[in-house]
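By written order: A, B, C, D and E. Residues from 1 in each chain.
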């Protein structure tokens, strides 16, 4: 990132937002698409404004569970990847279970979630975790397995223990992969929290984005559904931007993907 | 993979399966956990046997949609990553929309899915695609952006066009990243197809795994829910194994992650 | 190692291009690597560049090749220099291609039919002593072998401007001498323009029409010395007094550049 | 470049370890790189290894270091060789660490306190002429600078067994001479065991107690020749007749090894 | 007609009906109609399409992707207020089949008491959830989503949940619980359910088709009410997850809900304006819709 980059970071997305938004608005107007099928951006925005209080409260609630889930994913996913990286046999024996976690629909294990974790934020966090952990595992693992063999040799020469090799070599060199995993996981944590809310939200005093979506679907308020989805996306984008910032800060000196821009 | 590796590829997962399966069985027996919460592995297996015909038909149906979705994800995700890799501005302008796609719950856009793609396999494939495309984009993009700058210089020296550089340099060097994305996407395509079936399956004479899960949940047949989830996992594992095979075949000569084992 | 006989020597019809560098500046962070650098390289000239480690030789080559942009000044190349070839200081091979396909890459990029380019690559590989390694992947080569693959790749296009960044540093004396001879033969046959970065004074004197010595700091040209020895220079020239005196002269400037 | 004075010279109390290699074989695919290889390196001996590119020098070093497993035979090292140090043919620096922290890495791995190890690293960096580059990242260095960082890193642990794979190939003659001198000083002070792969015959004769020439094929030892020149050898020794005749003898064997 | 249905070979008019769940007793009449050939006799070729939990039936019908689907009266009024042109033409359940199920061990006497302690699982956003929330408040209970799954109910004696009064209590009892059911009609919420919907355009352009379909469906339901066994067997074949015993039990349980609420009403499936008006008033009062013309929302062909 060079000087004056703040502007160039803001302008392109704004321009594309305006162009795509306006294009969509016109297209939907031209085809006279009814709001109950797909609301125009302007309608979604006014729904967003009308429900600003409710939706921002919902977003905060979902944000909490999603970010907790994401943190757990980062920590446990990273740890699991480290364990899996230790030996091909460990990988063959246990990697398949990670796939199991990835392919299980949250509704199928909803009772277990709520009975083990209780209704509310804990179960929702667990859902966010389950949905978002696999990309962290897969990416970190592939990073750990791609460590430059010459550098591994160096550490072997100095009889670096497993832990030292891990901390000072394998983990740093898998940072780019880990961050890509985190980028994917950040959106998945949001969707995981939303799906978790579908099955475990305590909504007596409002609820999260998931509940807001459910309610809006039941009330057939498509504009509000999209407004809630938009909030979810903004949340995902927020996480995404944080990961990009972490990526820039941790790799600006040494990794092509950050030094080239 | 060395000679005799076939055995060593099979033994560890089998051993871990037996150990974990037996452990789970005993633990659930010991705690007298009711089947409606979590059925014992033996109960799940017998449910699997009892419903073998129905579940295998359901699995085939889901497999078709999931694999189509996965192929679309690979093709379009790869293409989108290529487009995004072209310039930081393109990335800033359009990467956020990929995040939008990732964070939108399938139920929220169910009407659009069904109305645009029709009921059945097309809408389900679309759901599998939407859910699984982001990891491909994120990983391939990070691979494309990590191309060795020395090799880029080489191609610049020879005035290689954008296309040639893409085909002969950037894409090959991002294969490991793409495959990691595909590994993540393979499980997500399965879950995407399942969620797609929740909203768009045409249940005529049996549906996909998603419908089987929903129906079994409603009928309080937890053992069958888990049997169906198991089939989904096996499907995910099948895709996963295919990706691993592709990874081995394409990188066995030159990439550490495949040459080391 | 076989020396395939290059085309007959016709100096006036050389393929080389002239390069004029004027007021060139390049800095990294606070370090001024090149400042107000002037240099003219004639068409069909063989220029050797010497200088202490880190003085800016590679930077200069990258600027000439257009791989790096100067902060000020410019590099002008008379007429179309294409194809340029560049042997980087690191071999930079595509790890997923065999040696043969790595060497054939430049021809592949210019659309030469497969059979033809693989044939050319195989011939060049034999020339650099790697005929048997054609089917191996870069990871299966020794350091010196990789450098030779990189050299073969550079030579496959018959470049008009050839930039070489210590191409023989990783090679033993004999292999090096063979390749020096081969390069000289090629040069005499084609009269391309060559910029040759080396740390070996003897090699510079053996090969070049002119040798440049850069200073450690600021990329100043300490000396710009024509090497008047007649071509073809045979291995034996290295034992002559003229050769020794050229070497001594350059060594002296280098020593002085080091302390600068 | 400053030469920090090494500890006083006590040859009998050297820290070097003896290495015995017997019946060592290593092949890659169908290529037998080393076959039934025998070699004994005495404690505190400086062994130079010469040989054509691709003959198996790096492979031998890796086997001695235990980084590669032989197909047959063994490498026995008397007493605990630790710390070993190895300068790889490629610099192999950690890209996310500054030069200073790269050099300090071996001490970090052995638990030396931060201040102490950074101090030692800074001193060594100054010795290899990179005092000013301490805060840079590897990607910001020239090729020769990277090799010097790698050398500094190897020397920071006071190794008992020092394996060097063409450490000075990317350096200009003067820097090279300075480092040769420094290495000799270090060797005389510590009497570690050194295995030094080089392509420079002169460098081998200048530094080594004994020089080995390997053949192009099969890793046979063509000659195993003690270099009897007295230490300390000064730069001037290179102009003596004894030096020249040692060089000539090795050159001749090398030439013969090439055709083998 | 939507769905791209080609006329059947024997000249019958193809017509598709989109369900919102897989074959179950709540759809028994449609399968019975097929079995007795009621569609054939009416000149139709009926295609009954199973659905899933998220099937967007209202939107599909409104958008013209399909002409007929299964919904409920409250959804019709809501959809109409959002601009969708939906009209109900037949109502299977004359009495609203949903309620709140609790454990009878709690000794609760009324719906009001359900909302005084424990946990209540409902689908948030449904009209009756709104109604109960407005009537009783959710401040003393924990409100959680209903996910079709009985496990939390079985696990927690203080758990209450919404239910199809024909289905879940049977399953709960079979799982060893002793459920107690408060029908939502207790609080005066009684919209038509199992309602067949179409667009007014279809009615205007093809009144004969609508009439034939309603006749077919009515004959099917009559047959199913008389003897559900054959249709149950067929549905069990299609949906083996539900066993025959359950089919029979649910069919029996739903019978009184399907029978005309008003004895003066002779025919199955007929709807009355007062009921629609009452519903419209309720929904408007709840703030779910802001306007309604209930007379346009249904059509008895």
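Miscellaneous remarks
In this text, a contact is a pair of C-beta atoms (placed from the backbone, for glycine too) under 8 Å apart; a residue touches a chain by one contact, two chains touch by 3 or more.
These figures come from a predicted structure and were not determined experimentally.
In terms of the stated touch criterion, the partners common to subunit D and subunit E are A, listed by label.
Path length between subunit A and subunit E in the chain contact graph, taken as the least number of steps between touching chains: 1. Where subunit C touches subunit D, the two copies mostly use the same residue numbers: shared numbers make up over half of all numbers in play.
Across every pairing of chains, the maximum count of C-beta contacts belongs to A-B. Between subunit C and subunit D, the centres computed from C-alpha atoms are 28 Å apart.
Centre-to-centre separation of subunit A and subunit C, using mean CA positions: 50 Å.
Each chain gets one centre point, the mean of its Cα atoms, and the points for subunit C and subunit E are 83 Å apart. The mean-CA centres of subunit B and subunit E are about 36 angstrom from one another, to the nearest whole unit.
The multi-chain contact residues of subunit D, meaning those touching 2 or more other chains, are 90.
Multi-chain contact residues of subunit E (touching two or more other chains) are listed as 59, 63, 147, 149, 151, 155.
Contacts with at least two other chains are made by residues 36-37, 107, 111, 115, 148, 198, 210, 214, 217, 222, 255 of subunit B.
Pairs of chains in mutual contact: A-B, A-D, A-E, B-C, B-E, C-D. Considering their complex, residues 148, 150-151, 153-160, 164, 168-169, 172-173, 175, 251, 253-255, 259 of subunit B touch subunit C.
Partner subunit B is touched in their complex by these residues of subunit C: 62, 65-67, 82-86, 88, 90, 92, 94-96, 105-106, 108-110, 137-139, 157. Residues of subunit B touching subunit A in their complex: 8-9, 12-13, 15-16, 20, 36-38, 88-90, 92-94, 96-97, 99-100, 102-105, 107-109, 111-112, 115, 134-135, 138-139, 142, 145-149, 176-177, 180, 183-184, 187-188, 190-191, 194-195, 198, 210, 213-214, 217, 222, 225-226, 228-229, 232-233, 235-237, 240, 255-257, 260-261. By the touch criterion stated above, subunit D contacts subunit C in their complex at residues 28-29, 50-54, 57-58, 89-90, 129, 133, 140-145, 148, 165-166, 169-176, 199-201, 251, 254-255, 258. Residue ranges of subunit E in contact with subunit A, taken from their complex: 58-59, 62-63, 75, 78-79, 82-84, 119, 123-126, 138-139, 141-145, 147, 149, 151-152, 155, 288.
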